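Here chain A shows up in two complexes: once beside chain B, once beside chain C.
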Partner chain A sequence: MSELANSHLLQVIDLKTHFFVSRGTLKAVDGVSFYLNKGEVLGIVGESACGKSVTGLSLMRLIEPPGKIVGGQILFNGEDLLKLGEKDMLKIRGRQITMIQQNPDTSLNPVFRIGNQIAEAITTHRKLSKEALNEKVIELLRLVRIPSPEVRALDYPHQMSGGMRQRIAGAIALACDANLLIADEPTTNLDVTTQAQYIKLLEQIQSETGVGIIFITHDFGIVSTLTDRVAVMYAGRIVETGPTKDLMEKPAHPYTRALLDSVPKPGSSSTRLHSIQGGPPNPNKMPPGCRFAPRCEKVKPECLKEYPPEVKINNNRSASCYYVG
Partner chain B sequence: MTRYLINRLTQGIIALFLSSVLVFILLRMTGDPTLLLLTPDATLADVAALRVQLGLDQPYPVQYFLFMRNILQGDFGNSLFYHRPVLDLIAARFPATLLLAITANALGMAIALPFGVIAATHREKWQDTMAKVTAILGQSLPNFWLGIVLIQIFSVWLGWLPSSGYGSLKFLILPAVALGFGSVAAILRLTRSSMLDVLSADYIRLARIKGLPERLVIWKHALRNALIPVVTFAGIYFVRTLAGSVVVETIFAWPGVGRLAYEAVVRRDFPVEQGILILFTALFILFNLMIDIIYLFLDPRVKLR
Partner chain C sequence: MSDNTKTKNDNVLLEFIDVKKYFPIRQGVFAKTKGYIKAVDGISYDIRKGETFGLVGESGCGKSTTSKLVLLIEPITSGKILFDGKDISNLSQSERQAYRESVQPVFQDPTGSLDPRCRVSTIIAEPLQVRKNMTKEQIHARVLEVLEMAGLRSDHAELFPHQFSGGQRQRIAMARALSTEPKLIILDEPISSLDVSIRANMMNQLLDLQAKLGISYMLIAHDLAVILHMSTRVAVMYVGKIVETGDSKELYEHTAHPYTKALFAAAFHSANEGALILPGEVASPYNPPSGCHFHPRCPNAMPKCKEIEPLLKEISPGHKAACHLFK
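Right after this comes the complex of A and B.
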């Protein structure tokens, strides 16, 4: 893969982000590797607390104490972000890599007008005349389909609906034509209709701007409509990755299969929904072997001894499981 | 907004009325001023004559009625000691009190706000510990004690600053420090906890996501939100220092309303006492209303109802 590295927009190698708390070391992200090509949409899927959000924040180097990125590489356009000083990182954040957060209700500053909040995202990275800046703000509001943008720019966040606020967060993220957008469950707190509209909007924006997106979610429904490839994450590691359609049709890892089985399928006659027994391991005391082994229906003795290596299934699919390969 | 103001004003007037009753009753429980006004060899007839002259022979309800009627006409009576209108006495002393209160609070804010922010951004580090120590000292050291210690150090030992009086800036420094130190403690703690609250908000992370330097994240995005509760408190504290500078003004012989109040108590000059108490109650109510209005500008989510 190394000779290919330069063609990737982003390549993450063996990323480790740990939290040092009084209870011990929480290995929230513990050896994560994946890549993203230019203009590609990658889904990172997993249940709550599997480390997917921490992965997203690590990419922006916004991990706050007691958390710390303790190892690995984050190659962005071939440059390791973990080797940059904070000053250089400021030029990347918001300018080249940007992010939409989960909660639309709290992600905008309540005391500033939304027009100013969008403008700030622009002026942080480039100097524009007042007119050009205003124009750009209106244009961004149009891009995220805010009606009568000239008027709405003067609103405060609390004067908008949750869906609108989330679109404003999108406008802020897109303000500097970044190459990489990390969307951390941006639709979780929206109602289903608004959620569908938002995903559609994101798709349109992606095809208009060609921005690469890492979409963090627990929802396979969104993954299947939005993403080109998926990485399935469990207990701080990626257990399986591959093209979305292929992976969803033929999951290789028992965890992926179990996750997909727990999604209700339209037209399915079964009345009971599959659920995975037990809960994810304590990030403080990870099992020595496969982290899914304690919950896995097909567990065998070697699964409990050592973490299974990543096995290539074909050119663009791989999984970490003793049953694969 | 208009409705809100009318409501609040009505409430204020009721509060003012109740406090006027309270002031009236309390002051009449403290004793007979005529005994202090007359020489020790005065006869009972002299006392009775003076009581009639001052209206003290009337039943209390009648006295109160006359008292309120006069106040509503802007007449707070005459000082028993100075034989001058109470309002004139207060008006003459008020600028000094205002100057002291503004300086003390400005000084307090100038120290408390930045240190509160720094304490919050350096949690559990030495900056935070320093701030905690300052806060504990400020809260536990009474200002009369601090005033005396300041005089001892800066006036007696070092001889840098005058121990009492009124005039140039030199005279202002010690009383302002003595009066302002208490506010440093409270505002510092409040700023710190308010900042800690705000700093964990998603919109602070958004500011960082935008690529804003930490300086702007803290001093613009976080502080602007953290200030909202601080302003309320600072406003209330300001009125408190305005009305509560009695001790500091007395120690530093500062010719303000506080010392006037002290002297009035000693001389049992109750028209002056009640005038000061009622005017400051009104000031307190007015200030609370002003704080609410300032809120409108600080926090766009607030709608006054």
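Right after this comes the complex of A and C.
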């Protein structure tokens, strides 16, 4: 166990985050396990309401009532974050584990200059002289490729474009040389050409700083260029995981395959796309067996009875499906 | 030449002739006009009967303004839009009503475009209420018919929009658009608010409906992959102008304009190192760069791109590009 924890930067074991609302218990994240090595980029792919964002927030321990992390372990550098007190967690959150949210407008304060906002992220965790602080802010702006950083540090968020604001959010996330960066759909609000730019930037930052990244997205295309490994989530669980290229070329789980097939391919001559019937299940009323079974083309009787166990396909790939075994 | 235009015109449903839409920027006590936002700056193209015409571009390129011009939501600043050969900006009242029935929209956000307090049957029947010659029974029968066409069930008619999922709501919007038997449906980002697994279903359904009813689509989207999949012909827009247009197959195989190439790289996430990643961001239509609007971001920019605006020129039959790289 301790040996495992040493090789991984982060190991999540059977994480469960539920929301207790008047309608019942919403099992947003229901037994999720994955790991991230140092300096690795992991993609978490899934549709809306599959629990990918709640997974990200759980890692930061930012789940608010009526939500609660009800079970599992989050081992970060071998230490279980769920056993830490709030005071100790404050030292990790924003310093060692940081986050970029989808919408930069809600993560930046409109009435403060962006230089000050980056400085605030630094001074929360360490004491620096004024000169050193200024220097660090400029260095961070340079890291996220903001032109003429000395001038732009005095700008307010509204003076920057959407892509630049999202880069500022990135600079704040990296202010304390974090080990783990959780990026929750950071490019969804950006224009397509700006999106490509931002992905490239994340790649460059990753190789310059060696930060581990968990990239949460609904878009397999983004995952293909940026990530080393992928975990596909459906209805609160990871259904398949493996190295990105391998997984995208030979998807094992019917859901992964259906997702990949439903996107138009360049230059393909067929006019009809492969489509998945129905919609994701209500997290209030999960089907008893495999959660994808009601929409699955290859459904067997046992799929409807019990949730399929995780099957190892090879050394680093696995999927939860009876069909794989 | 004249013979050629005639046969072409027979097939044309909607024609844009040098259409411009400028929004004035007013400032000060007397609201003096300080300048213009050139949202659509001289575009010409035609949409043929039964085809899907794709309009692709990033935010601020004028693609949604174009749809508002066609839907008569905004008046045109200059130029002409012809529908079945008639100028849509000076129609009589009865002609205008008939025009509105034959051109219907489906918007991006189905939650925002459906009245939460109306039952689905009321929502779909609304465009038909203005027709004086339809009885209640006829309207109801038509509602059930279009519900089925859009892939919903007849018992859905008495429910409210909040009882549906996002994909189903978009189908309700589609059913409403179909109710008046339109010739042209404006699809403004019809699938971008939907979940990935539902998108394919919606795209298939749209193509099926077109094959069955022979309607034309004007499809507006930012995702080139979706546009190429759905459309017969495509126009790529950048800051109010068309930079490249042609058959979608030709455009895919022989991409000409550097901006289209960059859109390709972004849409299909070409993983190779040579993939084109543009510097900077989309120019503002308020103060666009001189010459070719794209030149500050263009990897092939030449000195003359800064000064002379390239015109849309035919580079192969039916394929046009506005770029100095092509003579």
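Just so it is clear, the second predicted complex is superposed on the first by the 322 of 325 C-alpha atoms of A that agree within 3 Å, B and C clash if a C-alpha of one lies under 4 Å from a C-alpha of the other, contacts with A are read in each partner's own complex, and residues count from 1 in each chain.
Convention: contacts are C-beta pairs under 8 Å (C-beta built on N, C-alpha and C of every residue); 3 or more make two chains touch, one makes a residue touch a chain.
Note that the structure is a prediction, hence the values are computed from the model and not measured.
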Once the two structures are overlaid on chain A, check if chain B and chain C clash or fit side by side. fit
Superposed model, chain A: greater residue contact from chain B or chain C: C
Is A:L62 touching anything from chain B or chain C once the two structures are fitted on A? First, second, both or neither. first
Please indicate which partner A:S262 is in contact with in the superposed arrangement: first for chain B, second for chain C, both, or neither. second
Kindly classify A:R95 by the partners it touches after superposition: chain B alone (first), chain C alone (second), both, or neither? first
With the two complexes superposed on chain A, say which partner A:E120 touches: chain B (first), chain C (second), both, or neither. first
Figure out whether A:I276 sits in contact with chain B (first) or chain C (second), or with both, or with neither. second
Once the shared chain is lined up, is A:T106 touching chain B (first), chain C (second), both, or neither of them? first
Taking the superposition as given, tell me the minimum C-alpha spacing from chain B to chain C, whole angstrom. 7
Footprint overlap on chain A, where chain B in one structure and chain C in the other make contact: none
Chain B touches which residues of chain A in the complex? 60, 62, 90-95, 98-99, 101-103, 106-112, 120-121, 124-125, 156, 158, 169, 172-173, 175
For chain B, which residues count as touching chain A in their complex? 201-203, 205-213, 221, 224-225, 298-301
Residues of chain C that touch chain A when the two form their complex: 58-59, 165, 167, 195-201, 203-204, 207, 222-226, 228-229, 252-253, 262-269, 271, 275, 277-279, 281-282, 297
Report the residues of chain A in contact with chain C in the complex, numbered from low to high. 47-48, 161-164, 191-197, 200, 218-219, 221-222, 224-225, 258-259, 261-268, 271-277, 279-280, 295
